[in-house]
Amino acid sequence: MNPDKQSVGKRNTVAVIGAGPAGLSAASALAALDFEVHLFEKESREGGKLNQYHQLFPARESASEVMGELLISVDKENIIRHLGLGVNSIKPSDGGWAVHHGDGEPIRSDAVIVATGFDFFDARLKEEFGYGIYSRVITSVDLEKKLNEGRETLLHKGTDPAAIAFVHCVGSRDEQVGVSYCSRLCCITGIKQAIEMKELFPETKVYNFYIDMRAFGTGYEELYRKAQEQYGVRFIRGRVSEASEDAECRIRLKAEDTLMSRPLKVSVDWLVLLVGMRPGCSPVQTDQSFLGSDNPLTGNALPGMPGVYSAGCCSGPMSIPESVASGRSAAFQVIDHLNSKQ
Amino acid sequence: MKNRFGFEIQDNRQIDLDLADDRVNDEVSAIIRAWRSCLKCGNCAAVCPEGEGVYKLDLSAFLDLSAFQKLTGLDKCYLCGKCQLVCPRGIPTRFVIMQVINYMKEYGKAV
Amino acid sequence: MTKYWKDYQKEIAEDEFFYVRSCIRQNFFPGAENLFIDILRNKLGKAIFEDADHTTCTGIGYHSDIVPLETIMTVVARQFALMKERGYKNMIVSCVTSFGIYSEILDLWKHDPALKSKIEGYLKEATGRTFEEPGNMVHASDILYKFRQEIAAQARYRLVNHETGQPLKVVDHIGCHYAKTFPERGVGGAEFPQVLTGLIRAWGGETVDYPERRHCCGFGFRQYILQPSRGYSISHSRTKLESMKPYEPDLIVANCPGCSMFLDRWQYTLEETDGSVYGPANEKIPVLTHEELAGLVLGYDPWEIGLQTHQVPVEGLLEKMGIPYDPEKKYTDRSGRVIGHPEKIHNSICHESR
Amino acid sequence: MEKLFDPFVILFTAGFSFAAFWFIYKVIRWFAELPASDRSLVLHGIFSVKTLQALWETVSESLLHRNIFKRNFRLGYMHMSLAFGWFMLIVIGNIESTWYSGSMFKPLYVSVFWRFFDPGPGFPEAMYQPGFAMVMDFFLLLVLSGLGFAMIKRFRSKVVGMKRTTRQHPVDRWALTALWMIFPARLIAESMTCGTYGTGSFLTGSLGYLFAHFFNPQPLVLPAWWFYSAVLCAFFVLLPFSRYAHIPSEPVLIFFRKYGVRTSNLSTGYTDLSLHACSSCGVCIDACQLSEALPGRPLQSNYFVKSLRHRETPNHQWECLLCGRCEAACPVGVSLMPLRQMQRPDSGIGLGLAKAPHPGKNGHRVNVLYFAGCMSHLTPGIIESMKDIFTQAGAKWQFLDADGNRCCGRPMKLAGQTEAARNVRLKLEQDIKATGASLLVTSCPICYRIFNEEYELGPIRIVHHSQYINELLEWNFIRISKSGMKAAYHEPCELGRGSGIRKEPRNVISALYSKDLTPPGEGLCCGGSLGGPALDIATRKAVARGAVSQLTANDPDLLVTSCPLCKKTFRPVSEIPVMDIAEATASCMVKGERLAEAKGERREARGEREKKEIKIRVGS
């Protein structure tokens, strides 16, 4: 869409809070339409969580390359980047919003896009898995890190691991830790990482313990089948109930194979917890939940805050393409909003 | 088998994957790789003309190594191939059964 | 706010304790509770009182669906009443089952005050007594945990093999009802309880973290009470023992009388059934209660504190720790009268003469 | 005339006698290893008209290759020219030599190398010589032309109208080379001779003249004949071990078959004979649908036969669909399906021991017994249609496998589990008999085939529902309002080739639909066959798609088959609707008028009709 040149554009300023995939694509969309964009990122570099990943499902693009593309897209002179500068609050000011940040005068903007992203579930809250207690219990995020660092970080006492287990739904769909929703992306992450393990260690047994497999996205189910058929990853329906260390410092798992309706145990060299997504903290946060919307089906305008829109995972678990799309859509909603004000 | 205190000690129902003998599984899935993609939907068992199929001939149980310690019910199979027509993953289940039986025999696990 | 395992700490009173005993403990480990009182009074100089009128908590009856909830609540309320009448606020519960019961009842009352007032009514009606909830209620092992360093300071022996100087490998078993029902009421919570680990480390031993560490001992009220279903109970114990075997533990210490009893007695039963033994050097593993452990460390005479009543002989352990003992005295009382021998002689005779 | 001998003939004679002795030995063994019953068949047959018929068939097939001609002219010509041409060379050579030498009895080589012993001029009868020479040259040319085709086929098989050609076994490659060299060698040798003596006809003569024009061929004559004799020797020595063993074996097969010997399910002399009789012409390769679906996988029958002949365990045999198209196509008429079946060993795992016989639903005795077959329970449309049809026809019928839990045993047989299949059969036989029915109708060709071939049901008549419907139509027990649609019929392998039920379904089709657009030719396999358990779903779908595209070549409105399995297999890959013949009938059937119709009928052809009525509607 191309706003008619007289209505909005040059004169308008938009603040984008958070420079993850959603924030970056929102910023680049707005910049392309001649807005002045203030892009705030509390970290010292752009990218958010994307910086922590190795490869992206389902097609396994390298995360850093995708990051590169996104960075190029915001390399425009009408995007002012405020790196390492967190936003404390936004307050209404003459028809727009005043963005109060870490240092100096608040910046006045006609509209605000909140793209503050999410936090990973803190696996230590699921004590029974012994994360933070046993050295060989790690999260999917740690695993991405190890994959970036290289194969040898995954060896056990210098040899290839004999077995690796993934636990799905850690910090998702679990009232015990007060998470009622599905984080959507852990299943496919588990599938992708299981494949990566098999590629690194073909002889290693890889188990995925799941409650339901939710391979909802394009190409996800195909990847699931590939993992089973081509890589021989074994998917066991049933949740790991507890983990403990055995004499060789391997992790001993207990679970119920609900399809065999028999309890099951197995020792593994790595227990990988597929941690879910929690709401991040943002200047507009009122409670510990994802940002809601006035019009959840058709847009993402924050309730009672005209001109403020959410983008990306701050409004709920999203994949990278979904975040990018929601970033762009937020940008166009900003334009609608400003047009309607004229 | 009661002990001298007048009660018996139950065996553990637990599947111990560390001890599981997966020779049959390996041999057969080497021949029929599609087999590994079993979703355990149970469609094969449900369609089995052998009446008690669901319990007697649980194809989906094949994937569980523990099941290979002993496979009961295979002798009930008619090899009719209905299961193969309903398998959502298109696994040649009929051939799977033939192969499994052969290897069960080979490894002295035949029922 | 959700807590991590290591955040679980609980408030444990300093002094002025009201002590309630355990049916199982005083029956199967007769020395243990007197020993506990003695340690508190004479070694730690604390005021601890036990009321001759206090009774069982009827917990076993309750868990076996024999005693209804209102009844057990009234019984517990009576214990509270006794404490109030004696002017105590800090309660020490000897039994983990009771501790679980007390905690559960207090929690129920918290959520359902009407229920509490109903029980108040019953108690009044039955005994004319009134009660108050304890200001601080802990399990006996919590007290030893709190004063572990003081005990360590007075210790005459340490949990160390006096020949090799190696620390003893100790399996700590926590009764399920200690923290699994109310993690915040246990030191270290439910998954990684610290209460016994604390004692063991403070007294020179090292704990064994084995896969089935959290598994039930096999008590399982309904399971062991009926002879035909005892197999379920014992197969739980077996699961645990098999899992700890590779670590070659020198000793098991448990804070729950039921656990101590079953881990001790079932080892014998398993050996009788299929000859399986789970300790190093084809020995069974001695099982001590937390009081008995403290007693040994503080240098009490093994036979004085009732270790001869254990099914698994403790001589091996005593020798490792370098604690002198008189084999002759094992089955005689203070006046020298023989108190009887176990049926299986090899369960009684001392270590080196075997 | 002077001596008719030269050392070079020894090579040929040795080689030929070797082959001859091998052949005689083989014939004796083949005969000896026949079951006693077959042996007597042969002995009785020899002095009967059958021998003459066999003789004729030998000429038309082994020499003229009429079957291949029918299928593919160019390929036919290739085989014919080689076989017939060579044969004539020998015959005429013989006449010629006899004519001149004047002696009937002389070593065989004389006629083979006649041109060497009788170069031509200087003989009184020289006047006849060019005549013979010309005829001989003509047949030599015929052979050479065939050879030309053969060579092209080897490298570019499309030219002879074949999609693919056979891959060679090493022995075959050597024999082939020898064979290819024989005729050029003969041409050279004769031409040298003719060149030297200025004789010969349009081929050898002119070539000889050409040689003589450039050099003096005289010294090369003897070496050339040596070479010719050598390649002959090589060929005959290799013959027994190569595919060319079919040259002598095929006639024997033809004779035995004419005398009534058949391939049984156990290995006999006839089996070995069939293996030798296969010329591995490769016709079966094009007949096999898997050649399209699984390109480059050597699973077709000629590879299968070859590996059996070389005592190797056949590869890929569990991928064969057992559709029987190769057998139908085989110009030699080798019974390939029984051979295939033989190679599926009974692992003796005692399957299918599950069901005790159902207590036959006694009480009311029915006449028509319906057996849907397990597959039909995945295509309920067929069962419902059959119910309608029974009711409409007013049959007293009973549904034997309403619970869908019965198996006929054929799937096990196809998997080699003959013993288990037998157990299942015995149980089902009891059930069927227990109902006291007199007519057994089944919807499944697989069941129909084994019912027909193996079940011992005494007086009970067995029909496939397509036959049943056909008879109902013939005798107006049901009435049809013809549909305007154009249909193509797919003939299930087990029903058509397997059980020879071909015309009844077609009758029904033409009764139901305005136009029958079924393409000509052998029935196609749907790809769902139980014959090839090892096939993955992708291949099966490929076969199915291939079949559908051929069946819908004439662009019909719908595809009608008469097998639940075929229907289920076609449904997902067909763009036009796929129906079972029962469903098709039910959809065109006029319902609810039966009684009125029947009264009218009865007035007309009562007597005849009563008989029929007993036969179909009521059975017995």
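To keep things simple, chains are lettered A, B, C and D as they appear, and every chain counts its residues starting from 1.
Keep this in mind: a contact is a pair of C-beta atoms (placed from the backbone, for glycine too) under 8 Å apart; a residue touches a chain by one contact, two chains touch by 3 or more.
Model, not experiment: these values are computed from the prediction.
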What chains do chain A and chain D have as common neighbours?
-> B
Give me the ID of the chain with the smallest distance between its Cα centroid and the all-protein Cα centroid.
-> B
In terms of CA centroids, furthest away from chain C sits chain D
Roughly how far is chain C from chain D, going centre to centre by Cα mean, in whole Å?
-> 86
Indicate the whole-number Å distance between the mean C-alpha point of chain A and the mean C-alpha point of chain C.
-> 48
Could you state the distance in Å from the CA-based centre of chain B to that of chain D?
-> 40
For chain B, which residues are shared contacts with two or more other chains?
-> 34
Among the residues of chain A, pick out those that touch two or more other chains and give their numbers.
-> 265
Taking all chains into account, which pairs touch?
-> A-B, A-C, B-C, B-D
Contact footprint of chain A on chain C as seen in their complex = 2, 4-5, 189-192, 209-214, 246-247
In their shared complex, at which residues does chain B touch chain C?
-> 3-12
In the complex, go through chain B and note every residue touching chain D.
-> 32, 34, 47, 49-51, 56, 74-82, 85-86, 90-92, 94-95, 98, 101-102, 105, 110
Interface with chain B, chain A side, in the complex: residues 205, 207, 225, 228-230, 232, 234, 237, 257, 259-260, 262-267
Residues of chain A touching chain C in the complex | 124-125, 127-128, 130, 132-133, 177-178, 242, 244-247, 252, 265
